[in-house]
Amino acid sequence: MQRIGVFVCWCGSNIAGPVDVERVAEAMKSVPGVVHSTTYQYMCSEVGQSRIMEAIKEHQLTGVVVCSCSPRMHENTFRKTAQRAGLNPYMVEIANIREQCSWIHKDKEVGTQKAIVLAKAAVAKVMLNTPLQAGTSPVIKRALVIGGGIAGIQTALDIADAGYEVDIVEKSPTIGGRMAQLDKTFPTLDCSACILTPKMVDAAQNEKIDIISYAQVEKVSGFVGNFTVTIRKKARFVDELKCTGCGACMEKCPSKKGKNEFNMGLNNRTAIYIPFAQAIPNVAVIDPEQCLKLKTGKCGLCERVCSAGAINYKQEDEVFERQYGAIVAATGFKPIDLDAFDEYGYSQSKDVVTSLEFERIMNAAGPTGGQLVRPSDGKHPHEIVFIQCVGSRDTSGCGKPYCSKICCMYTAKHAMLVRDKYPDVNVHVFYIDVRTPGKNFDEFYRRAVEQYGVDYIKGMVGKVFPEGDKLIVQGSDLINGKQLALQADMVVLAAAIEPDPSARKLATMLTASMDTNDFFTEAHPKLRPVESPTAGVFLSGVCQGPKDIPETVAQAGAAASKVIGLLAKDHLVTNPCVAQSNELLCNGCSQCERVCPYGAISYVEKEIRGPGVREVRRVAQVNPAVCQGCGACTVTCPSGAMDLQGFSNLQIMAEVDAICK
Amino acid sequence: MQVRQDWKPKIVAFCCNWCSYAGADLAGSSRRSYPADVKIIRVPCSCRVNPLFILRAFQRGADGVIICGCHPGDCHYTSGNYYARRRMTLLFKMLEYLGIEKGRTRVEWVSAAEGAKFSSVMNDFVQTVTALGENVKLEDLRCKEPLN
Amino acid sequence: MQGTAQLILERARELMQSGQIQRVLGWEKGEFEHDPTPAFFESEEELQNFCYNDYCGANLSKYLIAASKLEGKTLVCIKPCDSYSLNQLITEHRVNREKVFVLAVPCPGMLDPVKTEGKDLSQGERKDYLLDKCLCCKGAEHKIADETIEGPSLDLAPEDRFAQVRELEALSPQERFDFWRGELSRCIRCNACRNVCPACSCVKCVFDNPNSGVSSKASADDFEENMFHIIRAFHVAGRCTDCGECSRVCPQRIPLHLLNRKFIADIDELYGEYQAGEEAEQRSPLVNYQTTDKEPSDALKGRG
Amino acid sequence: MLHENERDLRETILRISAVDVRKCMKCGKCSGSCPAYEQMEYHPHQFVAMVDNGDIQALLDSDASFKCLTCYACTERCPRDVRPARLVEAVRLLKIRKQGQNHLKPDAIPAKLEAELPQQAIVAALRKYSK
């Protein structure tokens, strides 16, 4: 039998003015279950709280209703009060008779009557409360960063710096990501490799960081603090520990037709290769599609020249499991395919290139040794046209509806670099808007126009087509009201960026949500921008949305600090107001799993024993460490097997009944 | 139909903890009044509102039921109000189909900053329900206190 | 029909002999031609009582929930419209696909014993005697099958299944209320609609669960009659394949399918056309959303 | 504020074309694509902007809508799916639907005939430019 105590707060005159608090307390005395009912000027004060504590002991109360201000204000206060008196903190309910009663009703009779109803509803609810225990779950003090670009590297460095172990899983043979491919960075024009490669080396040398390159995540199970991840490390056919990165194998390899991914396919590489000079790990890898030995069994030259004996044609994929407390997605981006944009002639002419290809052409370590020449004939160009927003801000279905954010700035950078190095080259930029929000960004763009004489044309290009050895760029010049037909030697397309295709599969494994563009969704767009709605999963870099290097690094650090905050705890205290599945009632129909935003629900085949039942059945189980208690599942469940602790079906119906009485 | 002179409607308002309940609190702290006929039940999210609760309220004599949640896109749990939106739309259309006056049911999105909106929504809803009169189509007479 | 029945039997016997299946789920001859009942046949001997005639309207898919728990595979005779229910049950993990051998059987449209009672079937068209659900036939295609028996199918342009829903919608609220009161007041809470419904397959129904807060064995008043049917329709919304079994079995001839079809019509209109059970592993519109979904206030605009 | 007449004309054009001019982000790709740019007094992007502004009369007074080749390059390439060609078409229709506003009359055909011109082109033009 429940023994409920009701405590009506005056809140000075805030409540006691428009509500006859004594009458409320008096009325509650006759409510079944209520054994004690009293008032006090300020329940939240030390004295008020000690009165509650005394009453709990004196009247052996099993439940407490405080009629006071909003539970958003003092629910926690009174829960702690109850706990100090030896009562389970979840046996406390608040009747909000200030914000939702005394402050809005001037008529004392009306206010008093409503306060009584609200108090009765709270009593009706607390009668059905059950003591809840906040559970705990241990935290594994190791983090996983998926993706080894600048976002992943920075996140890993920051986590390691705090003293935690961290693994980077990178799908390509080296870390570095897109930033490693860049020539210079805006708005300072410092060399990308010069600022990135030291960080790569730091990561490689950090004892806390384990770089697992040429690998991918295959499976993720578990939950915040306690993930189990299956990782597949692809066969390199080269022993990572033995290879010294001397490159002798590359010199001898007879198969030279592999597309050089690092140079965006602008030139070829050998079948055994190191992606670029500063690769980390600086270890060769054999492309099984190109290797003669692996394809035909004949060759084996690299094995013969390798003085370290590192070559192993029989190497196989390695699959292993590791445990982590937190996971960071840092899967980055790629430029979109331009198949849907025939009008720009990308597939017709080698001299129409994407900005990332242009980056490689301008780079001293690139396919042309940093010489600006046309890919088609190696000639020096005199007229270059840049086209912005290729596939960005496109709602026609061909491209992406969002702004890719970085293109305005890198195009200004390219234009400036060309004019700086080759003053004889005329540079034209077609733009819709030039977007330069960022420190020193607009100044940078204006410098391109004012100091370097880059010709910015407000308008868009309709088509590009080859004519002789030139490219005709037909576009509109909206400010001058003209249609232009420029003769260009090269055209550079600022292709939209999109999340790396691996992200979607990963999101499914992590039960992390994505938007329609396949960017990871943040837990809150403003207040929790580096957390995924799935507890324990964090976001770093472009996988969450387009951003430039400084923003990426900032977000990487923020994600790392969230991870550190998590790993610093030995145990996680879980919110006990979570969903719970009654296995006797569960159909195992999976409807609840589909609406759960956190992936907290899983299914097991289990022997169910109940009155008249003994069978093996598929039933839902809620992981209380992951559930956030929204209750979406409870309504989806037709049998009522799923219920929410603290807001149970019966509790809410009891409130309804009390209010409608 | 006999309506008592002093008849006042009974209104149950389900408010999500994060936006609408906070909006109701704000209405209070900014002293934006609305009729005392509205009684609020706090739920974690609008998606916690089971059609059973709504029918139960009508059964026990409620004259109107309103569900308030975060604006679409602002749900604390990211997607709860989207599910609630579908469920409540379909349920309310069904009640309308069964001949229940549709003014008795409503869904409103009220943010934690919209105290004034909360109050005006409640004023309007009470007015609508008052005009419709007592709920006689969906009630269980056994649950009613006898008319004096 | 007899030819089809023979083909089914032959195949069932073969499969049983080869040990590929342990039992057959089909229809058993009744006392009269018009009352075959669903039955499991465990042996060739039992199969002698198997029948497939014009009155085999019953949807067998729900029985597979029980069959999934038995040893070995069950061969089930599935008509085109039943295949939707089966897919839905598989989606919801209520039927174990591995334990079912789906024999897709052709359906020429099934007869309604109430309509044929005392009638000379040679008079009038077959259409006049068909079950209501057959008048809105979903077509001759099976949405799931391990093997198909060929045979005649229903050659009839299906009626607009939402016509009646729209007629009701066009009435005034009071008229609608009166219509439904008239219909639902006949409910005797025999639970036949619930028991036959392939979507209504909870291990324990909320109406039987004293802790659900809504349990009731018999409807005590108007409200509970309404409540039972609203909740039932809501619980199957988005999962109901519109198989029409609820109305077929209702001894009071209450047009319960009009409740389900209202949900289907609203779902189709508001959230895009959706046919539950069209294929396995579909996501029901009630466990799905679009950020651009219509606002309830807009969806509820319009008449009274 | 637009005049009532201007508003009506704007509504008519929007109804005939079913184009949402507010989707335009003023990039100018339509006019950059247009092969008849030099011949048209108003260019595709201007059709979009002028319809949005309710400046329909100027479009009706101009022969720009008859210079459009209806090649749909603007519509095909528009990143916002605005479909300027349908606006041009709508202006043309609004014009020829009025009594005596046919752009091409049978009497005028002999003067335009060239030996190379396919018969089909003449018939098509007659359909397109007159009611």
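Points to keep in mind about this one:
In order of appearance the chains are A, B, C and D, and numbering begins at 1 in each one.
Just so it is clear, a residue touches a chain if its C-beta (ideal position, glycine included) is under 8 Å from a C-beta of that chain, and two chains touch if they have at least 3 such contacts.
If you're wondering where the values come from, they're calculated on a predicted model, not measured in any experiment.
If chain A is left out, touch-linked groups of the remaining chains read B, C | D. Between chain B and chain D, the least number of touching-chain steps is 2. Counting C-beta pairs in contact, the pair that comes out ahead of the other among B-C and A-D is B-C. Per-chain Cα centroids separate chain C from chain D by 55 Å.
Our note on geometry: chain B versus chain C, Cα centroid distance of 35 Å, whole angstroms.
Each chain gets one centre point, the mean of its Cα atoms, and the points for chain A and chain D are 47 Å apart.
Note on chain placement: the centre of chain A and the centre of chain C lie 44 Å apart, centres being C-alpha means.
Within chain B, residues 51-52, 56, 79, 83, 87 each touch two or more of the remaining chains.
Within chain A, residues 595, 636, 649, 653 each touch two or more of the remaining chains. Shown for chain D are the residues in touch with two or more other chains, of which there are none.
By the document's touch criterion, interfaces exist between A-B, A-C, A-D, B-C. Of all residues in chain B, only 10, 12, 17, 21-22, 24-29, 31-34, 36, 39-45, 47-53, 56-57, 60-62, 76-80, 83, 87, 119, 143, 145 touch chain A in the complex they form.
Residues 23, 25-34, 37-38, 43, 45, 73-74, 77-81 of chain D touch chain A in their complex.
Remark: chain C residues 69, 91-94, 201-206, 209, 211-213, 235-236, 283-284, 286-288 touch chain A in the complex.
On chain A, the positions that touch chain D within their shared complex are 343, 389, 393-399, 430, 432, 458-463, 474-476, 478, 481, 483. Those residues of chain A whose C-beta lies close enough to touch chain C in the complex are 584-591, 594-595, 603, 613, 615, 617-618, 636, 638-640, 649-650, 653.
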